[in-house]
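In the two complexes below, chain A is the common chain; its partner is chain B in one and chain C in the other.
This part shows the complex of A and B:
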């Protein structure tokens, strides 16, 4: 069936099967490969994108459910060649190891900060509970989100080349 | 994993969805947030021939006070309920339970009506509805009826919804200031309860202690007779026949029911 929606601000109209999952639509029809298929069971969050600005797991959304709505992927964050503040913070704080979870983490973080612009460290950890990092690189991810939010908690992170205080215990 | 093929139609209103259910037959399923249904379809545990989408019907979304009841549209997402100022003040136990479902992304999509219709005995909202003595508004070909929570859950993943009916709203008594407690024992973050207990004033509900969420009536009676929270909680598992699985055997579940009920009665969130 024909579905019309907006992907990263661009209007699209595509003929899709009703069973086509949003993550497969983004990757295979739109050619946007940031959202990864990790667990495929609504657990790991690697497929997280924004739907009308709120974070969702695109492995558990049908493309047809997104009709008429705004989908944002990690590809749609940077504007005019400038990294989104959350992307820049992940880079600055080295909020990744292998990188597989990173697009989902970044999108979940963008969604979190839109709902709670100045989260505490505990709120960041709770807010990212739907995203798994199998490298267990959570400390730097949390540090990156706090840095992006510009909260006092990020200041404990020190500089990129200095010794870092441990965020959390 | 990709679901088996199906047809899709977006309902234009709740009555339209009922008409579609009637004309499309037993193989049609309602789709709201899809966070119980789509995982089952991906695993081929469900393979409906057609999905009727009610997830964007604004008439089914929202929270309002109506007399002494709080009324949630059936397609209200968990996150909306968990963060609603009205729900947090007038039905804090319900708002709290909605905030424990899954994770933030899941709470953005999953809906209260979907969770209740799915009727997982280990889930949060069915237990909360039993604890609060709530009810659901059901629309069918013959009109609307209201079903009390304890008449709604009839078995393991089974409800008294008839074919051709849909939940339009969920009602709970407004209880601002009532003392409540909510306990959920899990092995992993975001998981379903191995056992759960919810208490508000003298009412106690348990999750995953049988095929449906149920009330700990012996413990409630003891409370009514003047027993302490600790004394009453010792009776929490009376009359229950919990299932056994890899997480817990029957005796362990009964132990958890007693411990969690005591903590819930001590009004710990």
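This part shows the complex of A and C:
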């Protein structure tokens, strides 16, 4: 069936199977492969995108349900070649390793900060509970989200005895 | 100033953050145009004879291209166990007459589109004649029900046997305590599942895109499984979304995707579902351990015995081998006058066992650290004091253990002292005492673990560990590195560039790293066992230094000077004549007339032995059994730290996985061998709410085994954190008489242990 929607600001009209999941539409029809499929039970969040500004797991949205709405993926976040502040914070705080959960994690973080611009560490952890990461132990992801919110000083932990001298390369 | 040792941000991050990594499922390549999609029909029963397989309904379903069973695979030889294991436990690449675990692949369905495959696999009709499942290790060892009748036993291999045990081992001990503990089965569960894409060219050569930890090893496994010469296979490694030990080599499914592509004469692709991943990717750990420890009431440990039964799962793979490493590292960082360890690996009707972050070493640490606490509790001494009394003193010359390991350098007591100081151990004990005195229902637990582990192993002392690197400087001032390691999150693109940059004076962001294509890099050991920096990084540094010497000769003729009079100014990336800085030539210029490239092999004298100590602080609700991990404080000494950002990231991830095993994660089967944790809705994958931010303290005891002084850091966290957290949970309840709780310390287990202790009081 024909579906019209906006993906990263671009209007699109495509003929899709009614059962086509939004994540597969984005990946296979739009060629936007940043969002990944990490499970089959809406548990892991690797497929998280924004639907009208709210984070959703695109494996659990039918493409046809997104008709007429604005879909934003990780590809649509950076503007004019500049990383979005959340993306920049993920890099600065080493909030990603293998990168598989990253686009979904970043979109979930963007969604979280739009609802709660100054979260505590506990609120960040609760807010990202539905996004799994196997590499980082969540430590630097939490730091990155707090840094992006301008509340990095609220982060507990970190290095016990090392200062954080940043060296650009 | 050298860039080494500084927090250089990752050069690989921008693309991961914007367009996303290009994982196997994301690969767009003209060789894969028109690819069909492969789906596996997997056994829903743990143990059964196959009466027949009917694929006719599937074949007539929409979009189905073909369907295959074992009967079609006559050209693929059965898979036989490795040299140490029972040769009679061979199996066909697809189940033929029997299935041996839920998830055993029995048929293949190939479709035009992915959704069609998901529908069509449901239509394959397999006639199963059920046999009793063998889940329990004691049942497996009894040999009453055999997985491989022709083998006559379920024991696939042994590492020593009980006849070798010394009956006088504990004779002079004032105190002896023993306990059988379970190091439970967990799932590696990388965020990217397995997958493959395969295409054969007109000359009969295969190109296979496979997420792996070492393309060269994957290529040999794949060629062996397919029965083709290795030169007929090219493996390309796309971005890999985590591996944790479970993506080494090639699995039967990878070979079958390539086989389908050859059989159908068109490219084929496969993406594993998470359900498949949790039942058919190898699992980790799964050891039943009986520890016995004895010593004097003054805290001196005199003897230690470890008896292991390893659950190998249904097929004999790397998991059957894990006890080898557990035994090698059995005494940990302690000097114990008498120690012995034996093991046997048994097959069960469960998912095959493989490597998982630490692979055999976490199991060794968990056993000895649990034993230390059992001993401390028995003699009523503080566990920190018991450890301090028994740790090997600081050594700078290699120390040979009774189990044959050659520890390179170590200062175990310093790591323990440091972690206790950073954690505020005495203050924590005071708070614990106060809570107990006032009868607080939320108990505080403090858990310790001291560890030493082995990283960067070779294949025995005759075949020392090595790795190759190629460094090339280009006329435009950029450089390219080829490495035999295989990053999948570790940040080699940044770290290897730092090493080259430090020698060549070329900025990190002008250096490109390539890996994982066997045509480009025919040799390499990949990434695993925490080997990459100490071998692959050392090779990059060595190649860069050799390149400078070649360039020096060219610069000498360019500047008409004596090579010995030339100085390489790293800051300018140029050679200059000593005493005459105006007479200089840029390094890049020397690559104009002739390629400036060096390939070298770095050889290490042996494995290195990182060490450390962890403190876990937990709160346990004594009314509900709920455990909350409040703090993880760790000292992980892996020698020189090249990039603290990356090293800390490795520690964080390991700590989280280690802690997860202690109190969250477990693969569960029912008595009939049905997996109860076959989705992320059921497998309790660690989430952000279950761990705190971690507190890391720095300690760097260099090794002499490579010029950088580095050891491996990839698995440290997962080795120390598990027993620290487990010991903390038990410590919280020690005043009730609780001495042990098996992992994971779920509310149910904690509550049951508490109730049992109170009833016995």
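Just so it is clear, the second predicted complex is superposed on the first by the 150 of 169 C-alpha atoms of A that agree within 3 Å, B and C clash if a C-alpha of one lies under 4 Å from a C-alpha of the other, contacts with A are read in each partner's own complex, and residues count from 1 in each chain.
Going forward, contacts are C-beta pairs under 8 Å (C-beta built on N, C-alpha and C of every residue); 3 or more make two chains touch, one makes a residue touch a chain.
Everything numeric here is computed off the predicted structure, so don't read it as measured data.
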For A:72, is the partner it touches chain B (first), chain C (second), both, or none of the two (neither)? neither
Just checking: does A:8 make contact with chain B only, chain C only, both, or neither of them? Give me first, second, both or neither. neither
Counting only touches as set out at the top, which of chain B and chain C does A:19 meet: first, second, both, neither? both
Report for A:121: first if it touches chain B alone, second if chain C alone, otherwise both or neither. second
Chain B or chain C, by number of chain A residues touched: C
In the superposed arrangement, does A:108 touch chain B (first), chain C (second), both or neither? first
Counting only touches as set out at the top, which of chain B and chain C does A:129 meet: first, second, both, neither? both
Which of chain B and chain C A:61 touches, first, second, both or neither: first
Taking the superposition on A as described, I'd like to know which of chain B and chain C A:41 touches: first, second, both or neither. both
For chain A, which residues lie in the overlap of the chain B contacts and the chain C contacts? 17, 19, 24, 40-41, 43, 129-131
Which stretch or stretches of chain B touch chain A in the complex? 1-8, 10, 31, 34-35, 38-39, 41-42, 51, 53, 55, 79, 102-106, 108-109, 189-190
Spell out the residues on chain C that touch chain A in their complex, using ranges where they run on. 3, 6-14, 16-23, 25-26, 114-115, 189-193, 239-242, 244, 271, 273-275, 422, 488-491, 494, 497-498, 507-509, 633, 644-646, 648-649, 652-657, 679-681, 685-689, 691-698, 717
Using the touch definition from the top, list the residues of chain A that touch chain C in their complex. 17, 19, 24, 27, 33-41, 43-44, 46, 74-75, 77-78, 83, 87, 90-92, 94, 96-103, 106, 121, 124-126, 128-143, 155-162, 164-169
Footprint of chain B on chain A - complex, ascending: 1, 17-19, 21, 24, 40-43, 45, 48, 51, 54-57, 60-62, 64-65, 67, 108, 111-112, 127, 129-131
